[in-house]
């Protein structure tokens, strides 16, 4: 559960790369920089995958490009270019993914978007957007969590705006956004009305500092409290869906242009996105 | 869970057909075209069944007709012509199945109806209607899911319209339609009032992209929220039952004519249906 | 779960009768005709029981009478003539069983009543009425299910009418009638107000035709919905109890006469019932 | 669960008495007459106990008196004369037991009271009243079940009337009376307002007569229905507590006289009770 | 569960004392008199403990004093003089324990208080008060149970009165008092409004006297009934907390004096308490 | 569960230190003084850890400093200086920890703060504050428990005050504070409105003093009662969050100064805190 930080990842990588021949140019800190959130096991797997990638291209040593390809495989599943979407589906996926991207770019202090693609990957995924935070994070603020929700709902907002209807493609986004909203309300006490009551019973040393940790069963709550919890979660989601919709409405032309390009090229990286979104109207930073 | 697409099915079929003698005319893409939704195991089974069909008719090689017959067996169970319905039951089944068919044909963008039959098949089924989408689908829109519900409820609407009463024959249709409506509301966020709260707790990676997937127990909801969920599901079903009833009411003469023909011939294919429904009044396309 | 039909039963019987010596007069279709609803195991058991009955009467071969006796044993338990009811109990049982019978005979399209008896049989049963449908049934209409409820409640209605009080003897009837009413409301969508929402979660293939069947846990419903379900079930039972009471009130003299005869003879068959109920006033057929 | 009737008990007793020497005067039907409700195991135990009783009094053979003593042991536990109650407790117990007795005698068609005692017996029991129905019963009417409740609540009514307070001694009576009231409402449909809905899900063969018996989990009910169930149970208990109180209030002098005699003699039999209650005012028979 | 009475305890003690050398002055009835509520196992343990006490003081035989010391150990745990409370805690404990004592002495018909101590004993206990009823009890009245609650809440009332605040020290008292109040309401039917409905499902022989005992799962109750149960329990506790507070308020000077003496001597016996509470104002006996 | 007191800890330490070489200056009572709340196992572990610390610094014997270092490790996990927070996170952690510290110092009768640090330790912890009570405690008053809640919520109050937003860092504090508030309400009867009803079912000896302890399942409560419980818990948390906010608002300059120093030095001890908080405005003592 306690993922290694960048320094920890470098240490772990050093252990695993002993058995492979590395390109002399390769800097392990660069590899660590593109693997935030990776566990020790993920890093071990990564080194193997990178070595396989290098072998496939019949190279003598593993380069950063090999690691980058391996990261992509692990993050979003193995490439599977042979899955063919019909034109309507491809367009919906393109709008959906660009919705995530433009909301992420328009929000203040957003994470960088590294890549967006409509090439199907892995089980269930029809497209994907890779956002990498520029550094490891230990704390998140209420504003940051709301931005995460807003980006997740950007896909649905884009489909609605551009196609006028909803599809089944947002199910995963809704589940993730709901989960974040629930933790904000129930674990982090971020709803003003509900105050700082924790509904996340995990440890409770009452008297003294060295008491044993125990996990009691979830505490019952009244219907009245449950209604407040439900309303608070719904309000967080509604608010950020409105927000994502507003951003995309303002930037409709950009969205249209980007989706078109994405449909053509299938994949866009940071560089391409920067060129396509030069006139993006950003949300004013209230923070 | 991840069914192969057409290309995938062709690959899988190529593996399994090695052990059987194929008709030189047979094109595997044609077989793949009639097997959307088939798993790898289904395809392996299909090849065996097709070979058995060919053997029974003492043929040297397996043709597309053999595969078609095998598909039918697998889709709806083995034929069981010896199950005898009484005349009232046969009539109810005929109206019921034609209800599905006519609603499917009258809706905009509906799937093609390949066959309708009142020959009893498999466990529990008294009749069946085979709709095959013209291509593999990865995404479905709200409108498409509602059309699925509408077609499912067409059987009940036809019984009610023509016989003036309800029977036990619609139980499976109601269960399927209810399930689709529930997923629309709880998983795909397709009810406007309920917004984009997901009530489908399955995975929830909060921080980072490579978090492990875990399945927490279902989250409790308040009575107020549960009432909204119940009402939204009921509204989707009611709306589409009205819609199916309206279509059949408008096309009562067609329904009467088709049911009569179905009672006579027991089975109707796309061709026969086209001839019988030339004057079908279709629902105007709002999309 | 899928009981064989008459043709199926003949086939199954042919397998099992090989090991017994049959009376040349015996026609297996006749045996199949008196065993609707029997499973394969029930039929195997039946052949054994019939052979035992024949052996007891020191016969060389098994006759239809032996099969009939065996059917009775299997249907309602072994005879147990030594259980002695007191006079009040016998009278209550006689009225109760005749209540079932007269309601069954007075309803339109009712099943035939083959036998009614106040000879105690099996565990818990104090009397019994055997109704055999004249043919195998695959579909039942709302009206037919209501008639089943009405017949079940006829026993209680007769006790109330003739003795002016209720007894514990109706517990099984109430449980069965409630179960039918519940399935009408929750599984067959037969309550107008509740519409066609299924509360019977069993299978739910959403996309495609060959999806695996799975059984999710029962879905939660709101208190508001549960109240509707409770009210709908209660209304079906109340309506049909009134209906049974009305029939018996109209035919009070017939009931009195029949119960008296049943108390005297202990058992009445179709023939005897026909002679006793010549002046029975039937419910007008609304269908 | 299916207790033998008198005839059955005679048969069972004949098996078990083979190993003991019976008094030639002893009639097994007499033993069967005092053992209604005994199971086969109880009867086997009874024969052993009766033999032990006979051995203790150094008799050669077992008499009816030995069986009677053995019945008492088994019914209410072994005698334990050394348990000493204080005077207040003895008085409370005497009033309590006489409350049961007088209510039983004052009700129409009540069971005979064979014995009442304040000699402590068995675990938890401080006194006891033995009522034996004069014959085996298979059916009970609503009126009979209400009388059972009324007799059970007679103990509490007597304590309240004579001592002006309640004690812990009525706990078992309340549990039994509540259970009877619950079954009347939930299983036997004896509450007019709730009608004939069964809340006792045990078996539910829907189609056909030979379906397998299955026990589904208890069905959920709405809060509204649960309130009706609670109210119906409470009303039955309240009504019969009032009734018992009214009987005892009318017969206060008899109660006082009988309790005094019971305190003096510790045990009263049918004969003694008849002499003491000659002026008992009975409840008029409404039946 | 069925504890021996005094006579039973004498018998049991006679068995166990065979193996120890008793002081000739020792009377077993005296030992039985100080051990109400002891089980057979407790008595066996007591004899062992008393022998150990005697051995420690290097005595040849076991005296009543040895038994008394052993009783104290078993009743409240082994002495543990080394647990040191701070002055505030000692004062709170003294007031708390004297609260129990004075309420017990001021109530009519209260049990005798044998000893009160602020010497910490056993796990969790910071002080203790030993009340021994003067005789074994089989029945308790509503008034007696309320007095038990009142004495239990006397500790909390005293802390509140003398220190003006509440502490964690009353947790056990509250749990016990709540449990008594719950059983009064749910098991003994002692709440007028709730009547004699038992919510304590334990045994329910419906028909006949020798039915097997079975323990069904707790019956569901409606929210309305649950509110009544909650209110009845809360009212019993509130009423008796007020009552204890009133007694202590009236006797504030006595409480102050006694607590001071208890702080000085750490332990007070019946004799010392009698001298200190000569001017105690008792609650008038309403009974 | 029953932690040793100071005297008990000295005894336990004496056992474990036999195997290590102690500095002659070391006084075990001093070690006992810094280990309140330690179990026997914790103390055994402590001696081992202290010995390891001494070995690392290549010392011949274990000093108090070694024990102090070992206590820190055990209390808050092993030091992990290599976890690097970003500047915003470090500032949030500094404010958060100083919030705990200043609230603790400003409250009347607060525990001493021994150390505050923003050096990451253990799993999940980003900073820590060590408060050691000056003596072992057996009883806690309502006021003390509220102060504990207030100190726990001080971290969140400081983040809000200084940064204007909430972060995920308070989750553990909220869980602990909620748990204390729940026990105050449900176990210690400290909410006036709810009175002294215990909702903490653990033991319930009803009659007599030596009854066996048993743990029944939690008792159901009505929605009305659950609402009261929820409201009481929320009110305790709200009240003390306001209180902590008020204290920090009053001492904003001190908080700013201390956080700055903590960011610079990473760790502050009692001495350093005393110098930095000379002008701290304390909450007036209402007690």
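Quick notes
By letter and in written order, the chains are A, B, C, D, E and F; residue numbering begins at 1 in each of them.
By our rule, a contact is a pair of C-beta atoms (placed from the backbone, for glycine too) under 8 Å apart; a residue touches a chain by one contact, two chains touch by 3 or more.
As the structure is a prediction and not an experimental result, all values here were calculated from the model.
Chains making contact with chain C as well as with chain E: D.
Rotation angle for the C-alpha superposition of chain A on chain F: 60 degrees, rounded in steps of 5. Interface residue usage between chain E and chain F, two copies of one sequence, is largely distinct: under half of the residue numbers at the contact are used by both copies. With centres set at the average Cα position, the gap from chain A to chain B is 35 Å.
Centre-to-centre, using mean CA coordinates, chain B is 62 Å away from chain F. Between the CA-based centres of chain C and chain F the separation comes to 71 Å, rounded to the whole angstrom.
Across the assembly, chain C contributes 137, 140, 221, 223 as residues in contact with two or more other chains. Interchain contacts close the chains into one ring where each touches exactly two others, per the touch definition above.
Here the chains make one closed ring, and walking it from chain A through chain B gives A, B, C, D, E, F.
Contact residues of chain B toward chain A in the complex are 1-2, 5-8, 135-143, 145, 187-190, 194-211, 219-225, 287. By the touch rule above, chain B contacts chain C in their complex via residues 3, 36-39, 42, 74-75, 82-86, 88-89, 92-93, 120, 123-124, 126, 130-131, 137, 140, 153, 156, 165-172, 174-183, 221, 223, 226-227, 229-230, 233-234, 237-238, 241.
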